[in-house]
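Let me begin by presenting the structure, written as structure tokens, before commenting on it.
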């Protein structure tokens, strides 16, 4: 009945990196939150307090900044893969690396009908994300890329029904043929390989999800999510599976009858908690094995 | 040396109201957080626990929903004024009302190159705000409208210097002729009267501030704020004064010299805390008296 | 109709200072968030971008750390006063200084029935605060100290009624003779002078407020707050006035009648928003003039 | 290459339940945030929008409140197990249930040296948690209970070293034999079975972790975590494994040498981001299979 060290990893979380490209007077900017994590043969650090295999998290942070300057950043997926490979090549005890990057979007400030060269305003249509896992190197290198978007808040004022549901002794909910449907979507998709134009794929997948959310006549949030995921897989052969986590942000029709007022779907109370939470995934039958691609990603079944 | 009740007010905070206009299949939406507050002759409630003068905060919440349905919402300034006047006409003990409204912006989801009729995505370019104070009614009615924007995050990658500052024994900061300037602006302006096209004024004032932030070559955040405020007052005679509260969101150039790497203004560390906090106001000499217009608004000198 | 600079101030916000006293093996710790702010003759910085009168906020941050080491910290009120006087003596253009400090409390970790010498656990019974304003120096020096506590969350399961209130056309609330009363109190009191044992006064005032909250049979949150404030002023002649801001954190009795279940004050739904917000102050008739003591402190009438 | 529904679950998240026990005038309170989730044969809802198998999340919320009244709450582990079994017995399509409960702690307000009967103050020493998964029923019923604590913020001012670590080209960190060690611990342990006195086990495991944190002379956060976990497993045979996620909340010694000041471990800057993030688990060799016990729990390797 021995007691021993189980799975473990360590790294630097939430390195706030802003990378400016000043090749021309029309600057570009990538604004990232980078988290790095290593796993492998780090037993000595845990059991004996011996750090000789441990690259400090401070050095991991320095690496993020140094590689951003030396090699540039590009798409967050490429930068994450580059970081992971670098750590696996540098730290002998590391067998795997997990890099998570959030990208915060900026738009150019409009001046005289044109985006300004070097002045930006933060855009709020969601945060782009990626979680990259690399195990091993050379011929044994195994790679997983899970990209996504979070904090994408969408709402439709009609085109959403909810009825015909299972009822038990504690069911009081009224059926409805017209309600507000709203969610703050977290959506993550796993790429089948790494030969992808990441920026282009991201833009297309997000646009597709927005369009499908708008167009699907909804009989439940489950069905809307499934339809969104299905379209992504149909149009993006490079995507092996997609997972969505969607709080059902309830908008309750306010009962104004005590005041002799009708409320024909016009006045709603937007509730904070509790909220429905719907999690669904859509997959290809022939998707490659996920391995540890989804490990430690919160909020998904 | 008597002890007595001092200033007091009470109300319902953060009523989350979503008002849908379905006059045509192309719906409109206003998504508001409304806080109401009454002040006046409420001593009995405090000193004796006698509620006979106190309209419950629950009734205030109901009123927000009921008036939104019965009378519509329109610009947040108009809705706030309407609520304030309603409470002062309804509650005999109320001598003043303070209504604060935040508006959360939605954009239509683009589908086939056109905004969808009833599907929206949350936009993140700041939150529109208003704080309305009304005292009394009829001939003695006194009104103050302070509108603004908050969470407007802007950044410029160049065109910002900081040097020639006062130095004391604890000064170690290096002077710079090129730095990133970034802030999450809170800006509030007081209208001189209420004969204003609120939506139009808001759009113009925000656009003007963004443009000025972009165009002013900055020698300090103070100077940028002053220039932004000055332009607003020059172009908007209906604005009596403007106050801005601007955290200087520091972006520190990372020292990569230990790694034999140059960093010509390309790699920055975005710090959370501490941050500089610059608060400035620009006023007209002939502005009407502010009275209690700014009362209880945090973060302003 | 000239346009000109209005009130302004600037400084460093949220400097996270941890000061350890290691005079004996039994260490002490003060964990502070310090914000400094200067006001005065800073027009040149705003209007012309001329920084020659401006001590950088970076130097203000350095000063917080340096004085903490050189002179020690002590009670947050003393440290704030010391910082304010230092800045006014150092920066010729500064006419006033505002220092705000939050103190985060730690308790010793119990080991073998005794608090450990150098290991601590964060305690959650509220955050101690102070806002100190100093104008001028020497004979003209004017000082205001407003101390307080925030995030002090309290609840009573009975001993709270609410009835006999004013009713209008939008009132639907039922009267009750037994409800949960809960709030997350922000309480701030202004000291009449600075000859105070700050730590002792703080402990006593907080204990008194807790006790009164527990003991007062409540007919409204207003009456509870007034009673709490009254006791503080009666027992603390050094306190000139006290202001309290108290969200009424609603706990709604869940209607279980659809399930043929009684609910005799046992099962409640704790709501987030909206909430009642009650703000009240208790003052002495002979309190000295507050001047700018309350300036920029949010959430108070 | 068919596209199909993958793993999915749905439920009601963050039901804020406060349960008062008023059997005697000395009331007791349990303040919980409950999230319920069902998984099973819900394909029709996703693929066809057919809700006939779906118990609404609103009914799940009602169930939380109704069972809290009808059957009482008790330890959060018991309440979670009771809810899970109830849903699996009630909803034919459900094959598994996941119930997550957070418990927020209250202490009695001290009055005259004794805890008050019905007045409480929120305590801040962490949030107690449990995640219960039940699959199937009767002979095939499989149960996993993972309990824990989060937001347990601890700090030691000495007794922590960090040196002898692996160095690469990007390493600049200085070795130290005395530093502040601080973390906001999330700790979760999996019980080997369900015949446990949950409240007693929780108190003991938390106390043990605090003690070990205090007593272990640390050569790295990894080693401290391992020692804490090891003690828990040695003293609690009912625990099969424990996982800890610990941000290394850096406290940097401020360099005061530019001001000719020594800083002998007294003045620190508490940084927000980035932070080290150490995740470690300690397991028994003969622990029963975890199955889906850890599924969807964020922040663990």
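Labels A, B, C and D are assigned to the chains in the order they are written; within every chain, residues are numbered from 1.
In the analysis below, a residue touches a chain if its C-beta (ideal position, glycine included) is under 8 Å from a C-beta of that chain, and two chains touch if they have at least 3 such contacts.
On a predicted model such as this, the values are computed, not experimentally measured, just so you know.
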| item | value |
| --- | --- |
| Farthest-lying chain, centroid of Cα atoms versus that of chain B | D |
| Of A-D and B-D, whichever chain pair has more C-beta contact pairs | A-D |
| Homomeric contact chain B-chain C: same or different residue positions, threshold half | same |
| Chain B-chain D separation of Cα centroids, rounded to whole Å | 38 |
| Centroid spacing, where centroids are CA-atom means, of chain A and chain D in whole angstrom | 23 |
| Overlap residues in chain C, where contacts from two or more other chains coincide | 15-16, 62, 66, 170, 172, 259, 272-273 |
| Footprint of chain A on chain D - complex, ascending | 1-16, 35, 37, 39, 42, 45-59, 61-63, 66, 90-91, 93, 162-168, 170-173, 218-220, 222-223, 225-226, 230, 233-234, 241, 243, 247-248, 273-286, 295-301 |
| Contact footprint of chain D on chain C as seen in their complex | 15-22, 27, 29, 31, 62, 65-66, 68-70, 106, 109-111, 116, 118-125, 152-159, 180, 207, 210-211, 213-215, 251, 254, 256, 259, 261-272 |
| Contact set on chain A toward chain C in their complex | 169-170, 172, 258-259, 272-273 |
